[in-house]
Amino acid sequence: MTTMTVNDAISAALAEEMRLDPTVMIFGEGVATKRHDLLEEFGAARVRNTPLAEGIIAGTAAGAAATGLRPVVDLLFAPFLCYAMDEIVNSAGKLRYISGGQFSFPMVVLAMTGAGWGVGAQHNHNVESWFVHSPGLKIVMPSTPADFKGLMKSAIRDDNPVLVFADIALGYSTGEVPEEADAIPLGKAAVRREGRDVTLVSYAKTVGTCMAAAETLAAAGIDAEVIDLRSLKPLDETAILRSVARTGRLVVVHEASRLCGVGAEVAALVAEKAFASLRAPVLRLTGPDAPAPASFPLEQAFVPQADAVVEAVRSLMDERAIA
Amino acid sequence: MTTMTVNDAISAALAEEMRLDPTVMIFGEGVATKRHDLLEEFGAARVRNTPLAEGIIAGTAAGAAATGLRPVVDLLFAPFLCYAMDEIVNSAGKLRYISGGQFSFPMVVLAMTGAGWGVGAQHNHNVESWFVHSPGLKIVMPSTPADFKGLMKSAIRDDNPVLVFADIALGYSTGEVPEEADAIPLGKAAVRREGRDVTLVSYAKTVGTCMAAAETLAAAGIDAEVIDLRSLKPLDETAILRSVARTGRLVVVHEASRLCGVGAEVAALVAEKAFASLRAPVLRLTGPDAPAPASFPLEQAFVPQADAVVEAVRSLMDERAIA
Amino acid sequence: MTVLPLDPVQALERMMLIRAYEETLIDLHGRGRAAGTCTSVGQEAPAVGVVSALTADDLILTNHRSAGHLLARGADPGRMLAEVMGKRDGYCGGKSGSLHISAKEFGVVLTSTIVGGELALATGVGLSRRMLDKSGIVACFFGDGAATEGRFQESLNLAAVWKLPILYVCENNQWQAFVHRKETMLADGIVGQAAALGVETAVVDGNDPLAVFDAASAAIDAIRRTGKPFLLEAMTYRLRGHFEPDDQGYVDKAELARWRDRDPILGLRARLEREGRLTAEAEAAMEARVRAAMEAATAFADASPYPGVEVLTTDVYA
Amino acid sequence: MTVLPLDPVQALERMMLIRAYEETLIDLHGRGRAAGTCTSVGQEAPAVGVVSALTADDLILTNHRSAGHLLARGADPGRMLAEVMGKRDGYCGGKSGSLHISAKEFGVVLTSTIVGGELALATGVGLSRRMLDKSGIVACFFGDGAATEGRFQESLNLAAVWKLPILYVCENNQWQAFVHRKETMLADGIVGQAAALGVETAVVDGNDPLAVFDAASAAIDAIRRTGKPFLLEAMTYRLRGHFEPDDQGYVDKAELARWRDRDPILGLRARLEREGRLTAEAEAAMEARVRAAMEAATAFADASPYPGVEVLTTDVYA
């Protein structure tokens, strides 16, 4: 085990996969400048700066992926993906199907997202659910260094386009990472804490929020299970349903806004497939349906807090009538 | 009352609003060619063809809206919005908030979507839920000529960016439209059929599917209520909850794919706020999580059919255990 | 690999096949047996001229008006028709529709109906040629309309900066769906922009397949020699509407008539006749071969079954 | 409306204020009291030169490196600082952050931190000027990096075709975040592309505020006369890092030193001293005024409260 940050875990995954497979390369605005280690080790052909143009960066990745390379592109901040939607959604996500399976698109798109940097709504917008809604893509949004490393490795090896969202607030958080970390399969959730009274489903920074809430709840005798989705697509439906079947109660927590978010999907899934086990309403705690403010106290208020999770769970535990 | 098609209803709304307000204008690829009547009546300054560049079309609309005009832009097919995501989401949807309320964005984005034209996944992709998820936007997706006309008028008058999605399969469908149609307020669902046993929530072409299913169900003694959302944002939560409170059963039907779609939102809403009334699992019938195929029989199979709705409702009615 | 000089008689027959293919499709559409489509009637010369200048190693990206590029490359009109008709034996199993055919076996990769999509992908295909040390170049066909999407600038700029082996072929057919090019740009063509980005360019009469072949061959030579991209702008005209059916009510009749007089097939045929290189018998034989090919193609496509619904969700993920 | 000739001494003071504002911000950031930000240190001349050539009716769009444009236009440094610090009395109530200030009262509309966003919006602002018969023009500031986004082409092309009254001002500061311009384009500037689109252009020494003023005035005259867009490219240099803090470890030291020697403030000051138009007393008085202005601004911003959480979801919809 080594202790490393999320940012270092991403770098380590990149370096290891580039060592293993000469077709893996990385490019983006400032990538060669900022990832100087990779540039030194793998050279200027495989580690490239690009012009400032997200659309052609993603399009180049898709074209390269379809014809023999495994590109990783760094598009910096999630809202910038707006310039690359056509290439990601209409090309990378669809052209395999459209071509009747003639081509595949082994590529990775990296982007940061989330509150914590105070730079406002054009740099901070959690849009992962757009891509969950779109066909042909996979999406991961881990919460620990080990998961970032393991899932990043899987993302690079996967023959499909994978979007890896890094919650900016986690970049410098540290954690244990196995020395010879294996790839962690896409599509498997992690149970961060077992519990029998209520299931808390989350991903990215709000996993920590749920863990904190679970501690508080434990002190009050309420035993919360915390599920970290890690992969948003494929979604680990089994892990969610298995947990809710036991607990009968579900709160989904994420920073992205509520309407048609991943929380909506998880809640709808449970309302369909675990209905008989449900003993209380399914709650969602999410960021508000508003652009992200830059002002520090507002930005903090934007993110669901542990208090609110505790309160939500308490309200569910009181729904005795239904139990 | 006059009988007209959906396409004519949209044209009529445009003409009426352009007559009422000289700041209303329309532009897009081929708009002046295809809407020759508008060109004749309102002139080349207010009805314009553009270069083939969706991003700048939407950006121009946003800039114009912020400084005194009420532009309507036709972006043709929903997947082409991928080229305009930045302008719609990051600019039109966020800059009011970012500027602390200094600017508003009274603009309308028109696009066609949906199966029925056999032209494949880069022209047919139901992405309305992306915009529901994004702050600052309103979304309508009507099913009747009268609603298209009335909601289009409201969209033009609204001081916020409104996306109007037209299900291509409905373009030539006809219906009664009041002679002096008033604007229909955004955010109000329409109950197309009252019923007490189950609530079918839908929008666009699958409203017709639900109506057909309801007929079949009626013959079998099952009384379905059919709600046509019309506006996806604001979403008429009251209408949905009121209905489910009475029926205790919900099936959501749409052509867009399932994950993080509008159906997920409706199901999650009900699982939270009408849980106590629910007597059966909440079901969603949606298009598959795949790009839209072009081949006729596949394209047909892509869209939820009345049979499947009937079957889903029957399965719910059998859930006696829970009632 | 060397490319043989273009045999003008063969070029004529290829153009005739393209024309016949599209006329067959229009006819099938008229009889309700195929979906509407975008034809390239009048634009056969850039397809035949450029594609004939490519070697088997080269890759092609194209757009919604691609039948000519595919047929010039040797694709089977029967499998193409089957694709357009949504049949199982189409190149993409019927999933792609009338505008989208890609055929990996012929190096026709990633046909995009998002105008500009081919420009966005071309750089990646060029990059993989470079990185994998492949000898082939990439030919990317697009329209004058695509050149007004910002991806045009982005693609050419990246190709120039990264020195990617791409032949950009703009078929400037004067139309962008229902809008005349003159309404969307001040210049008469796009080479100025390419030059400003540092991309070498040439303009060619896009209704003369032999001139196109020569220009494309020179451009490809330059690409192979320098490793750098090149833009060839072929000036031509869309003789039919944007999408079948289309009454062309918005088209200037005089302009259309002028370009009809420059029909590339009639032009080459007249020239060959004039030069005594085409006899009436040879012509008749060509016509018969083309007719037979299209009859066989139609029969093949007709006989092909629709795909079963079980493939509705296959090929989404690798 | 007429614009007065630029008083070089006033121009100097304005540039000093901009510099002092940004140094204050860097200092506040260093002490943990303000978020990081993008400064325009070294690029004060295009801000002062162009903005001084505008009238009150003209509108400005700008980007993430906008403090100079705002201050040159007369915005209050106190309200600007308050905005950057997320305080209630900021121009946008604290919601916008360090990069996003728009101030309608000064005609500074729609500051975008999406690189290219200002280019996408400018055409609409130009269109509204035209359609509403407003006399003002639109000044759109953007960087050399923004010019590599496809929106650059799309914006200029539409402005050219629709004849929109827009002054595009490219502050070519040689850097695009952590990437040198030479890595992203083959030409040394972007006027070639604009010219290819039919937009009139000029290049100016972006470290000389008087030269910029003259060039901008001439460009604005041309826009008012012809109604057509114009692109002015100001060649300058980003003397500090992309975003504070930034150690500039990736910057070529010799290049940086060369441009430090061309610091626009030192340059103009030396020239005015040389020409006997600036006495030591006048200089001291200017410095004192600037210092006082920034002290007042800091005090104002410090005193301003944070917004209450009740505004978290206000201003989303009109």
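Order of writing sets the chain letters: A, B, C and D. Residues in each chain are counted from 1.
Quick note on the criterion: contacts are C-beta pairs under 8 Å (C-beta built on N, C-alpha and C of every residue); 3 or more make two chains touch, one makes a residue touch a chain.
Molecules present, by chain and UniProt name: A, B = Alpha-ketoacid dehydrogenase subunit beta.
Keep in mind that this is a model prediction, so the values were computed, not measured.
Participant: With chain centres set to the mean of the C-alpha atoms, which chain is at the far end from chain D?
Facilitator: The most distant chain relative to chain D turns out to be C.
Participant: Taking the mean of the CA coordinates per chain, how far is chain A from chain B in Å?
Facilitator: About 29 Å, centre to centre.
Participant: What whole-number Å value describes the gap between the mean CA coordinates of chain B and chain C?
Facilitator: 36
Participant: Could you give the separation in Å between the centres of chain B and chain D, each centre being the mean of its C-alpha atoms?
Facilitator: Spacing between the chain centres: roughly 41 Å.
Participant: Could you tell me which residues belong to chain D and also touch two or more other chains?
Facilitator: Residues 94-96, 100, 112, 114, 116-117, 148-151, 154, 157, 161, 183-185, 316 of chain D each touch two or more of the other chains.
Participant: Can you list every residue of chain A that touches 2 or more other chains, as numbers and ranges?
Facilitator: 50-51, 53, 55-56, 79, 82-83, 86, 90, 97-98, 120, 122, 135-136, 289-291, 293
Participant: Are the chains arranged, by touching, as a line, ring, star, complete graph, or other?
Facilitator: complete
Participant: For chain C, which residues count as touching chain B in their complex?
Facilitator: 35, 86-87, 94-100, 112-117, 145-146, 148-150, 176-179, 183-185, 250, 306-307, 309, 311-313, 316
Participant: Applying the document's contact rule, which stretches of chain A touch chain D when the two form their complex?
Facilitator: Touch residues, chain A against chain D: 29-30, 33-34, 49-56, 79-80, 82-83, 117-120, 122-123, 288-291, 293-298, 301-302.
Participant: Using the touch definition from the top, list the residues of chain D that touch chain B in their complex.
Facilitator: Touch list, chain D to chain B: 59, 61, 90-96, 100, 102-104, 109-110, 112, 114, 116-117, 119-132, 150-151, 154-155, 157-158, 161-162, 314-318.
Participant: Inside the complex, what are the residues of chain C that reach chain D?
Facilitator: Those residues of chain C that touch chain D are 148-154, 157, 160-161, 183-187, 192-193, 195-198.
Participant: Give the list of chain A residues in touch with chain C in this complex.
Facilitator: It comes out as residues 23, 25, 45-46, 48, 50-51, 53, 55-56, 58-69, 71, 86-87, 90-91, 95-106, 135-136, 138, 159-160.
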